[in-house]
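Each of the next two complexes has chain A plus one more chain, namely chain B in the first and chain C in the second.
== the complex of A and B ==
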């Protein structure tokens, strides 16, 4: 047995690691700036101050709201649709085995090529962004849920039959808690991909949203704007993922 | 085996059935032809494009870009993975980074890459590379972690040199995971390059699809879309079959 270092020491060394990585990242950024100059990228400190003034403008929040609304809709639809389909396909063994490789194949194709089709169906606007976010986010949620149901301990299901639970009771009291950890992992992956989908949608064809601001900044030669919005988006993504990762780990440990 | 066959045939039936359904809906004008054209017309139009050589340059450009990004990401990812695996202290530091790597929507960097490198294929290679490398690093770490300890002990008992133990024991033992990395790196570099071309570029398949969309040229747009989806599916399918065969051979051994 090795002696465990005290918790505060482990925590401070992890914080130090994070600090070193952040410092490396800022150094690379500064290096890129020294190499390419103001016309291509803004220096870290200047970006930070630009971002600080940007978040005080109502214009920024209008775009941020457009992105967040589309993102929230697509995330909710992805989760509901993904869980329902994943549960159904997981419980129907045959249908699940038929569908799983199809979803895996859909997961790895470049879905961005489908965006014109979605634009033609939904028209320019928030519904196209939502649909595009959903086709990115729903598949991992389906796959994680499906696999969680498929790999569930059969004793649990046999017990619920022995106890004569109704279908609904089985789902709510046995199935749901058993698949929850995997489901959270699926939602975490789905969260990131949904956001990716919404942002790509905004970058390609949109007049609103943070993706639009990023592309617009480049075409208007407003590099500080682009760099600052990218920073804000990336910080948000990492923070949200960190939170979900923390819940994810707790769930898996509890299970 | 018969259940396996039933599953396989049902899958084929589902795919063919959905294509026929779309075809029927388009032919019966239930789906507006301005929204979607029948798959048979897409195929005909694609054939036309290929035979007349109109898209040859775009295809060549996209595939060469993907190939460069793929090779670079596999080599870099493997080396980084091996180095990180050898240095546990570094590994502990970068693990959280790898865990949240794919939560970053990398395509937001693409416009910045254009400002940095100009509107050519370099930003496309970089975005494909950045998108694919982490998958290879993670797979390499996974593979090296799962080399059974008894194997490395055996190499020491047999007094194998370190180079031959890596070549004959470690790498073959890690091979399935490395292959997964290869598979993901290919899919991700393809996605990265096509998406980059789509958002902003001067050529390639993604660019041509976006261009056709902007010019209401549904024939070309759907033909190229079909081409990209079919190529991606065939590529992934071939790698999947190869992987299954490798795993089966391993299970028998």
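== the complex of A and C ==
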């Protein structure tokens, strides 16, 4: 009979894993610094201290706000559009079967090649960034939602009919909660990709945002700023993904 | 003479009033690349308050039969009536169905699962709570009331589904192999609970099962179906009293009924598995 390890041990082993990964990350970073030098990357400690002073400037927060606003718009549009299209296509089996490979194919297009077109269509402002974010984020959300609806346990729908639920009740009280775990997974994937889209959008042809700061740091030979902004973006992405992963796991455990 | 005719007519009338669900000339063909004649033609009268079981070889259309009565799918030909109203296209009020598969909602606790239908139907909260708590106690789910289905065994989840149907106070309960996934001992005990439920609610019960002993033990009558397309080859009356329970398996008459079911089914089962010399 094998005894269950105590909970604190399981927790501390997870914490240890995280620590090891963080240490590896810092070691690789330091190694890159030793290899490439000050002109390409800033050392971990120096970056931290630069980042600490950077977040005290209002200039930084102006750019961060620009990115967050564009990201928030993109994410909301990606989620709403993705969920609505995913639900609609999932419920129409034939349309879904036709649309799914098309979306998969669309998704493999290197989207950055579309960016010049997006700029011409939407101009240099926030809307181009939002459009580019949506292009990245919406398709995985559509695909996850579509598959969640297609793979819903049919007996749940039979049960809805046997309980004489209206169509509206079926959608809101059976279908929606049944697809929710998969949908959260889709949102989690869409979240990272939307952010990617927005940052890439800011790197080209934009005067605002963290993406702009990164590229601007390079052209101004301000390597510490570039490295520090990258660090801040990475920390934000890991934290947000961790939060979504936690929700995701909770949803899947209940299911 | 005319008096005799009148009596006969009166008897027919009372017999009709007692019939809860009626099937006449019902067939079901699944259209497709390969059309499958799944069922019928068959006739069936389910008297009010009867415990009726259906046995038959696998693939004979037992589940299809249940879908037709429940209004979950329409017959290709023939008519289904429930409480003298035709069943067409939708599930009539007063019918409750429990399926073979686990149909509990994984995102709801046991208590919320059981309350689900009542809440959707807009039953008032006090009454909902009363019925739900009663069903939780009746099905032995008290200590699991706040658990999620994923934390329960298959048998417990099936109880949740039965309770969820029960609280709607159906007058006809259709059960499609609800104990199919359970071990024999649990099945016997669940059978007892089903009998208790049947006596207490006064509902008509139709149970689909592949277990001949289960059918023999629980039912007033057992309909034996042929291999596909399913038809009733015989309907056996067991003659048990209403107060029966699983102890009936010790009664010699139980063995006789079970043996009779098997002798009817043996040939059909051989046909169903494609054996020669059936």
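As a convention for this text, the second predicted complex is superposed on the first by the 253 of 255 C-alpha atoms of A that agree within 3 Å, B and C clash if a C-alpha of one lies under 4 Å from a C-alpha of the other, contacts with A are read in each partner's own complex, and residues count from 1 in each chain.
Keep this in mind: a residue touches a chain if its C-beta (ideal position, glycine included) is under 8 Å from a C-beta of that chain, and two chains touch if they have at least 3 such contacts.
Since we're looking at a predicted model, the values are computed, not measured.
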item	value
Of chain B and chain C, the chain that contacts the larger number of chain A residues	B
First (chain B), second (chain C), both or neither touched by A:26	neither
Contacts of A:199 with chain B and chain C, given as first, second, both or neither	first
Touched partner set for A:110, first chain B, second chain C, both or neither	first
Touched partner set for A:214, first chain B, second chain C, both or neither	first
First (chain B), second (chain C), both or neither touched by A:158	second
Touching residues on chain A, where the partner in the complex is chain B	14, 17-18, 20-21, 32, 36, 39-41, 94, 97-99, 101-102, 105, 108-117, 119-121, 188-189, 191-192, 195-196, 199-200, 203-204, 211, 214-215, 217-218, 223, 226-227, 229-230, 233-234, 237-238, 240-242, 245
List of chain A residues in touch with chain C within their complex	153, 155-156, 158-159, 161-165, 169, 173-174, 177-178, 180, 253-255
In the complex, chain C residues that touch chain A	70, 72, 90-91, 93, 95-97, 99, 101-103, 105-108, 116-117, 120-121, 148, 150, 165, 168
Of chain B, residues touching chain A in the complex	6-7, 10-11, 14-15, 34-36, 92-94, 96-97, 99-100, 102-112, 114-116, 187, 190-191, 194-195, 198-200, 206, 209-210, 212-213, 221, 224-225, 228-229, 232-233, 236-237, 240
